[in-house]
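By letter and in written order, the chains are A, B and C; residue numbering begins at 1 in each of them.
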């Protein structure tokens, strides 16, 4: 009557429509925020200052959006991606409600697509995941697709189903929790953020080379990944990874995103919150010893329905390893797919920024 | 009138009956839990989720049992083991009450045995330690014995006194705080833990090779040991350790236990809490760069007096370095003492698990 | 209308009287304290135990004084010292009010002096900084001076202005928050601290060689510096630092102070709080791989106005790298400026200690 030890699912274990209620709900705390700060150096204002957060109408200091993303993502790993060959991409990631210390998060995923690879004993699995708080409110939803190996190379291929995914989360679906109610509130915010560059001051096509870099240590990326209770072996087990392509433990992609976003703070000081990740790719692996840099491209300015106080910016966050962006002229080819060899991350995301323009005032 | 700087006790400083009230009580917080998660990756459900903990009847999310053990242990180090040559073993470790964020822990030890070594200028000291919260309630008690060097090799040997220690904490002395009050509660628990393997599904003699491994970094083990305010020099001072047997800083044994327990979560998802450590040995040293793996042997199923909802399992947790358990046929010799050279930890402990059997349902 | 990306100020950007309201206020939490403990191993009693803190009349467990100092300092970095060639010194650092979990700290600096260097395209900038909590109360004020490079070597030199700084914070300006109201309270304190060495037991001229050492890892010092949201590139970017004098990332000086103070706990167990830093110098750089040791010299015993229960000690904390103080006879030359080559830190500071003498009782 023994339940066998199960360690992750293989490609043939996934069927469209299948629902996974992921294990180990997590109560998040100020402690998690402190560790996240220590591992990323984040300075996003409304996650740093309770006063600033309350001035935006939050009930308290919300946890960093990407901390929530990484914890929620971590929950899905044992069921979805423990046997993943590669985490291929993200789409339609929506940040729907703020998360506060004391909230308990749990996650659930539905398989929305499968497609066997012709060339290797593996396939691509598409899942739609949602993360809820203890009240059942959805705080985050996202789609990702991963390449998962087959248990049995000869197992028959399932009928291919590839979901249609939006190129970007539509403005009407963006939920901007923060509000700036008065001119005084805006002034207070800008004084605290240290920047007067507002929504109206960004220009589509503009590129911002963020000046800082951060060298990644094994202890740092493993601590971050453990904080997220993400137990994927590739991040932790040096012996297991000896014969892999990198011959090293891989830095969890979510840590790369978190570090690059923290590096991008210099130049984007007035970001209020992350509204969406429209799409994202880990273009190349990062390992300990690499130094990460970040560059942002302003893709477009978006207005939010019925909001005068806050606008949205669609940004492209490019993460580079071992080369500062100021030393690179062309980061991507014209097709948007050919990358400079230093690029490790290409993240298309949307953030809330105070409306208006104060530049030069 | 100057009090000389004292740095730890030597063998001749210990007399049976002597009581040490250890310095530096510690208020534990959610911050400590977050750091512990970041350093071990623990996913024990009732320490992760406040909702799950409350459903078991806890007043809140209790701190991880081994976090409490390591903090309490750390308190005893300056008086007991700063000059220890080796931490020889643990016995009769009882987890008596849950510890919550905000509790203040203090520790006290009584010398219960001394025995000089014939072969070297050192001796074995046995201490019974207790850890109390701010209300004076005992949350943990344990016996350990350490080999301590003599200050003066020619000091006369004391009368040998070796305490009688139980081979295991008796079921009647186990205190299982969590309770599962209804079938619904059990169902909710299993959904959150992600496993339906209950007490009745474990079989004495069964071996569980836990699939994950974790490579240990200097920063990780030192951070854990500092979190416990354990200041034993062997863990921190690379120069001091240059001429030691390992020529390296030693990983604190309590961190090895914590990591191995975290690794053992895959296969033991339904452990509710640790009730006792019956005995434990650090079979070989661990140093940074080693990759730890874990294997559990089910020793026996125990019923708890007057409890239908929760049973106990006595487990043997074996920690290995640099070899995955799946690659090792025989971990211990028939005498229970000869170990495979990869084994670093042999921990005999007892945990609470929901009663019944859901396997196959 | 684009606001250009600004990355730190150069020497010619500073004028006497100029005020910087630094960005990113920070709400501090128990999580920050836990991370600080994990990174330094601090065992200062009233930061470790809420019970001990309340017995001293605190409203709760105050955050470690140096954690507050480092967070406040970190706030000033983007405006003051991002382009610093060297952090030359501190003076007149006053700890004015306890900081509790939940407080929100912000910082402001006024330029109080500038002096161009004759020999290099740089100059010294003196700033007076203050850190306030959410109620506007000043919790910390300090002066520091940094060498900052010029943007344009040919820019004309400003009129030199060098502020007069006190050699030490005068006893009348020291604010000792903790109080020891009864003999019982003193007894309780000493039992918890583990030491009976009080104010009257210290002797001017006395030297205390603290026994422990701590090897610094890259992950440790970077995590500490990130915890303080200090983004100075020299601590994080290995590629940027390749061509520097050390060819390595530099350990942030505030982390060196925190580690040395934690190491100095053995011998100074009864320190209640830090009242002032009279002066401080980072004598030599510290890099990962260095092992830090600490030595304290008792400079003088000071009485606090109208306080019988608590006295002050002026101490000199010397930090050493890779040599234990017990192996060094002379740490400083008679002029107080020539240092043994192992010395990295010379910190002149004042602490509160329970009055009286219990030694030998």
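In this section, contacts are C-beta pairs under 8 Å (C-beta built on N, C-alpha and C of every residue); 3 or more make two chains touch, one makes a residue touch a chain.
From a predicted model like this one, the values you see are computed outputs, not experimental measurements.
Student: Quick check on chain A against chain C: do more than half of the interface residue numbers occur in both copies, making it same, or fewer, making it different?
Tutor: different
Student: Could you work out how far chain A has to rotate to sit on chain B, using CA atoms and steps of 5 degrees?
Tutor: Fitting chain A to chain B on C-alpha positions yields an angle of 120 degrees.
Student: Rounded to the nearest whole Å, what is the centre-to-centre distance of chain A and chain C, using the mean of the C-alpha atoms as each centre?
Tutor: Distance between chain centres: 36 Å.
Student: Note the residues in chain C that touch 2 or more other chains, in rising order.
Tutor: Residues 29-32, 34-35, 39, 217-220, 223.
Student: Can you name the residues of chain B that touch chain C in the complex?
Tutor: 1-3, 5, 7, 21-27, 29-32, 34-35, 39, 78, 101-102, 104, 106, 134, 217-220, 222-227, 229, 231, 233, 236-240, 249
Student: Considering the complex alone, what residue numbers of chain C touch chain B?
Tutor: Where chain C meets chain B, its residues are 29-35, 37-43, 45, 48-52, 61, 191-197, 200-203, 206, 208-215, 217-220, 223, 266-267, 269, 289, 291, 322, 324, 357, 359-360.
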